Each structure stands twice: as structure tokens, then as C-alpha cells.
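Here is the structure we will look at, set down as C-alpha cells.
Letters A, B and C mark the chains as written, and numbering starts fresh at 1 in each.
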Amino acid sequence: MTLLELEDVTASYGPVQVLDGVSLSVPENGAVGILGANGAGKTTTLRAISATVRTGGRIVFDGEDIRGRRPDKVAALGIAHVPEGRGTFGDLTVRENLRVGAYLRKDRKGIESDIEYCLDLFPNLQDRIRSNASALSGGEQQMLAVGRAIMSKPRLLLLDEASLGLAPTTAKAVYDAIRRLRIESGIAMVVVEQNANLAFTVVDSATVLETGRSVLTGTSAELRGMDEIRRAYLGG
Amino acid sequence: MATFIQLIVDGLSTGSVYAAIALALVLVHQATGLINFAQGGMAVLAAYSAWWLLSRGVPLVLAISASVLLSFAFGAVVERWLMRRFERGDPDTAVVVTIGLLTLITGVCGWLFTYNNQQFPSLFSLDAVTFLGVSVSQRSIGTTVVIVVVMLLLQALFAGTKLGLALRAVAINPQSAAFSGLPVERLLMVGWGLAAALGAIAGALVAPQLTLTPGMLDNALVYALAAVILGGLSSPIGVVVAAWMIGVLENLAAVYVPLIGYDLKVAVPFILIFVVLVVRPQGLFGRKTVVRV
Amino acid sequence: MAGARMTTAALSDRQRSWLRRAGPLLLVVVLVVVPLVFPESVNETIARIGVFAVAVLGLNVVMGYAGQVSLGQIFFLGLGAYVTAYGVSNDWNIVVVFVLACLIPAFVGLLVALAAARLGGLAIAMVTVALPIVGVPLAKRLSEFTGGSQGLSARFGDAPEWSGLYDDQWRLYLVLAIGGAVFLLTRNLVRGKYGRVLGIVKKNENVASSVGISPYRYKVLAFTLASLIGGVSGFLYMLVIQYTSPETMSFGHSIQLLAAMVIGGAASIVGSVLGGAYYVLVPQLTNLVDPSLTALLQGAVLLVVLFVLPGGLASLARPLGRGRRSRARHDPAPLITPSATTKSGSAADTPETERQGHP
């Protein structure tokens, strides 16, 4: 059963066309990677889904075309976006950040237990719970950003470059937590990642973008095997 | 000594009015990153609406409450239909827009209610209470108490409630807020509405003393801006303390410093700013705003 | 008319560049002729427009070009006017008076800027708003110099015998000459290196810092220059209006000046002239409609302009200068001509008051 379907999606910033026909299919509980070089349109694809860029084509979530809705309405459908650059609320504490993530929920007890779950998922945040987000390290901010996103109990998580600017061990810790999250919660995911090997630790399949177009789609195993593709698009 | 204490208490009372306008400025700045030069003008409009209701026989408390509610709606409308277009753009243009709004509101008040001074009844009696040999008007005490209560309510709103948290989140990062499902646009309207309502309270408190004119709060706006500069744009408590300090110091200077006197006391906050700038050359907005919402 | 425009459209590049060079010459000729042909009341209005065009130009330097909102420009006009009035009534040499009317406001502006520019961002707007608010009671207080609430009158700039001109004509020439010089100097300044630097500071202070430009220093410089130009406009103000009082520098006037700048067009030389015209003419018009509506209309006009014409009136005039060819083909007949003729016509009909001077 397909949860999210992108059909021939185009997107532009003003006169500049960035996406020129991206197609993507995410099954319920599935995880799909978007790979490609810088400027290929990976981030824009996520922004197209979360309605923060002007788009064409069809974006169907849970049987409904959601293209053209307001970002907060898209979020309310159960799509949580962890943007590039993390987008945490710097002047709010870690706990407050998590509470903002749960804005749409009304079950106080559930929110509290999910905050506990986040802290269990990302133990680094435990000691920093009262710190301002701006005082956290890059890795902790990334963890907080993911935590904030899952506080809304989404059905689909959009992850943008979660390893960006992180030390390899930290990046691995983040992806370990994301894999555990996937296994425990079954949240479907779209993972944009520069570092393909990290992405493959989470996703089942991936699509490769080149100048705003899907040029190749395959399972993780298939793509891993293609040496030339790896060299061309995946950076090693 | 008695005069001295009286001056301080009266200073706290006028300072409280500046504080209310300054808090409204902070609220708007927190929500939308703008300085609303029409904040005082909007408060005057609120005071006129209360005055008009009074003239129709509505009781004072009811009239003021109604004007506060009307102001909330007006603030929200101004954000949605006037300021929204300019919020993400050049802040200087947005400032000019608020100045245009100030001119327009002053013009509307003058046109509807003339530029003549109108009497506005006080919520509190002018009778003095004598305490330890110092007599202080109930109005001064009442004004200060009301503002302190409002400040505490605001503090509680921001620190303890879901709405307050959402308002702060939107101010810090509207995009992430939208990603979390926060209705960003509605929250911005609420921010402006709350600020306008706060201004309305200040207008009702100060109108009996200054008598109602379209330009009644022009000076108060200047004081409030000074308080915001001194106290820090992100710090309600800092702003209120600065406003009180300004109110007290200008009162004392007016009486004890002949060079300043009553006519030039409006210069006091700016002398203060000048001195602070010399002492703290990096400027007051430099990192190190300690007090948080 | 249509035929004339067709010819313009057919002009070659060389002819057009010749036109561009002839343009300024034509302007000078017009400015020389204008004072001679119009009646006194029109000359006075033009002179007033000149005064406030200079004031708006000063505001444009700090706000339009350097991007720092200043709500205190009128204070420097007032200061310049007071210095002029004081000097003239003490029979100082008029050149000395002029120099002082430039330098004293510039110095005060420098002091204010040194403090205010430290704050950065919107804080400059928040501090400069104090200038008119403090300036008015200060002017009242320093009554030995300012004549208190009564204000000061001073009359100078009467037409000399040899000129054979009326006083109003002579004064208008003075305004045009001094104002013209200020405009020319400022224009050269903002089109040169200095203007480009200000543009960078306005756009992004961090970028400016990263290429070794100190935003602080340039903001102070722009503010000081604006204050100096404000002082010049104050001198011209005394020349034309011959009276100043604390009211001259009131908060309301400060806001009107800012509105005039935005409506005329920020960061535009032409816009400054249009702003001066707006400042002088529109209150006259709204007063005709209903004096109690003046503030309301001013606010409404300002907001409407910000919404529909963010570049101000000057952005309407711009295509005229740049894309002359396309304009000539598509645009309807110029809107200005008919209204201008009716205006001078009606003004000529009004009975002339007795002119003073040496005919």
C-alpha cells in the first residue's frame, strides 16, 4: 500500500526551475532514499512534499492530492519535515522544542511519555533537557530536530541531510537512532543524504536525481552494486 | 523626604504606562520582528473607543473592557491586512508602514473626535492614601498594580502555556513552526492582537491624567522606545524595569535638576541611553541578553 | 504631439546621447527663466518646494541610500534655521551665517550618529525619534537664542539694486542656485564610489564588514552628511519663510518629511524633488478639502504608495529616462503638461500682491 506518491513533480524558485519531473513512491512503513550530487534537487523534492516551494505535477499522500496546501496543513496530515540546517528553535529549551513538536496533539500523558521516548532514543539530550537549543552541539541539535519531528506522531518523516557537518561517529549515532526509530515505530521515511552509505543503513530503496530529474530507481542492494553509479552520484 | 518618596511612587506609575507600551512593542517584535511605531496610536484609538462607549452611557469598566477586546481584533486585522506583506521584507520599509499607520490613526481620531482635549474618567480615585507620612494618590498605586499584574500574566502566558510557547516558536523560526503544524499566520495575528490589547489597557490608564487627544501617547511612545532600547528587545522584565527607571528618574530630574525641569524631562531617557552607550560601547543589543521570557 | 513622439522613437543612438547631454542644459535654461515669468505666489511656492526638496534629499542620503531610518531629519532643518535667524539678527556676515548653518547641524548630527549608529538596525529609528521630541521643548527653553515659543523672524536675501529683480525672484534664484549645487554634489556623491559603498552597507552589513568596509563609519558619515544638508535646507527655509519657531521641528513635521521622501521615491534624486513638491503642495490641497482631514489623507496616501508603488513617484518617472524608445511608442501623452498649464494659468489670474524689491 503506497503512502506517498510523487508523479512528475516540478518545482521552481521564482523563474528558476529546480525540479523537472521527479517521481517517487513510498510504501506504508517503507523508507526511500533520495541520492544525487549537490544541486540535483534533493532538498527541493522534500520541500515540494512539505509545500514550502511552488510545485507542479501530482503529490498524493494517503490517497489525497496535497499539492498547494499550506505547510502547517500538510504537517497536520502527518508529514514531519526535518529541514536541512536542523531548524531547531534556538531560544527555546530542549523540552520546549519537543513540546512545540507536539503542538497538534492534545493527549498530555502521551506527550510526556513520547518526550521520554525521545530522550531514550537520543540519550545525549537527557542532560541538556533544560538547555537552550542554541547551546547544543551540532549532533545534539540534529537529534533534537528529529525528536521534535517525531513528537507530532507523524506517518511520514522527511529527513534532510541529517549527517551534514557532523563528525563521522556522530553521524553514525544519529543514523543508528533513526534506524531504531524505524524498526520500533514503523514511520515511513524519505531520506535525503549526501553520504549514500549512511543512507543505505536506513532505506530499502532509493532514487537518484540528476539536475532535477529522477534518472534511476532501485533497491538499496541493486544501487550499492552499481560501481559506476556510485562513483558518479553517490560520492564514493 | 516625603516629596522624594511621592515622586518615586508617581514615577513608577507613569513608568508603568511606558512599560505597558514597551511590552506591546516587545510582543510585536517577538512575534514579527518589527517595531510598531503605531503602537501608541492604536492605544489612543482604543481609548477613544472607550470614551465613545462612555458617552453612550456604558459603564466605565465595561467600556474599557470592550475597548481592550476591540483592540485585540484591530491588532489582528492590522497584522493580517497591512503588515503581513512587509514582514518578510526590508524592516525599514515595515517601519515606514507603521509610521504611515500612526499618521492615519491620528488623522482618523482627529477627524472623528476633533483635536480638542477630552476628559476621560479614571478607574481609580484621585484621593491620596497616607502611609508613613507620605501621601500617594490611589491612581498612582492602581496604575502600577494593574501593570504589574498584566506583566505577570504575560510572563505566565509565555512561560507556561501552549499558546505562549507557540507564539515564541513562530517568532524564532516560522518555517520550523509550520513543519510542526503550528498555524503560523493565525499566531502572528494573535501576537499583534495581544499587543494592541495591552496598549489599550495603557491608554485607558493614562487618558484621565493626560486628557484624551489624538497625539496623547506620542511622548509615551518615545519613552517606551527608550525603555525597549535600554531593557532589550527580547526581555519583558528588562523592559519594564527600564521603563520604571525612566519614569522615576525623569520625575526626580524634573524637580531636583533645574537644568532639566518639567519641560525637558523627556530628554532624560536619551541622556540615559547616551551614558549607557558610553559605558557599554558594544551596544545594548549585543549578545548577552540575560533575562528570558 | 503624436508625430513628435514618432520622431523620438526614430532617433538614432547618437542623437539620443546628444539629447541626454542637452537635457541638463535645457534644465538650467528652464530654471533661469522660471523665476522671471511667474507671479510672486508661484515663485514663493517653487522656492518652498526647493527648500523641502533639499531637506528630503538629506533624509534620502541617510535613509534612501544608507538604509538607516531617521525620524529626526526635521530637527536639523530647524537647527539650521535657528542658526541662520540668530546670525542674521545679530548682523553677522551672511557667508559666515551660511557656513555655520551647515556646520553646526553637521556637528550635532555627528554626535548623535556616533552614539546611535552603535545600536544598529532599527534602534537608529528609535533614537532619532527623540530629536524632534526633545528639540521642541529645548528650543522653547533656550529663549535667548531662539525667541522661545514666539520664534524668530529674520529677513535677508533682498534683491540687490544692480539685479533689477523683485525680491521673490532673487530669493528663488538663490534657492535654485544653492539647492541646485547641493543636489549636484549629492548626486555625484551617491553615483560614485561612496554611493556604492553605502549601497553595500544598506544591503548587508556583514558583507560590508567582510570586504573591509566599516558599516559603523559609513553610517555615521551618511548621518552627518544628512544633517549638513538638513542645515542647508534650514538656511534656505529662513531665506524663503523668514520665520521659525519650535513648531518648525515638531514630530508631526518630521513624519511628514519622511512620508514625502517615501512618496517621492527613496534613493532617488528626482524622488527628492518630487518629495519636496509633495511636502509643500499636498497639505495645501488637503487643507482646501478639509483641514481636519489632512493627517488622515497623508497617512492614507503614504500607505497606498507603500502598497502599490514601493519605489515612490520617482519609479514612475524612471522609464522616462531609461527606456526612452519603448516609452515613446506605448505611453499615452504625458500627464503633467495639462495640469501644469492650468495651474500657472489660474495662478496668473489671482490678484497680485504688491511686489517688494527694485524693479
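Simple rule for what comes next: contacts are C-beta pairs under 8 Å (C-beta built on N, C-alpha and C of every residue); 3 or more make two chains touch, one makes a residue touch a chain.
From a predicted model like this one, the values you see are computed outputs, not experimental measurements.
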Arrangement of touching chains [line / ring / star / complete / other]: line
A-B compared against B-C, more contacting pairs: B-C
Chain whose Cα mean lies nearest the overall Cα mean: B
Inter-chain centre distance, chain A versus chain C - centres from mean C-alpha coordinates, in Å: 55
Chain A and chain B, separation of their C-alpha mean positions in angstrom: 43
CA centroid of chain B to CA centroid of chain C, Å: 34
Interface residues, chain B side, partner chain C - complex: 35, 37, 82, 85-86, 90-93, 95-97, 99-108, 110-111, 114-115, 214-215, 218-219, 221-222, 225-226, 228-229, 261, 263-264, 266-267, 269-270, 273-274, 277-278, 281-285
Chain C - residues contacting chain B, complex: 63, 67-69, 71, 115, 118-123, 125-127, 129-130, 133-134, 137-138, 140-141, 251-252, 255, 258-259, 262, 292-300, 302-303, 306-307, 310
Chain A-touching residues of chain B, taken from the complex the two chains share: 162, 165-166, 168-169, 172-173, 175-184, 234, 292
Residues of chain A touching chain B in the complex: 50, 52, 70-72, 75-76, 80-83, 87-92, 96, 99-101, 103-104, 148-149, 151-152
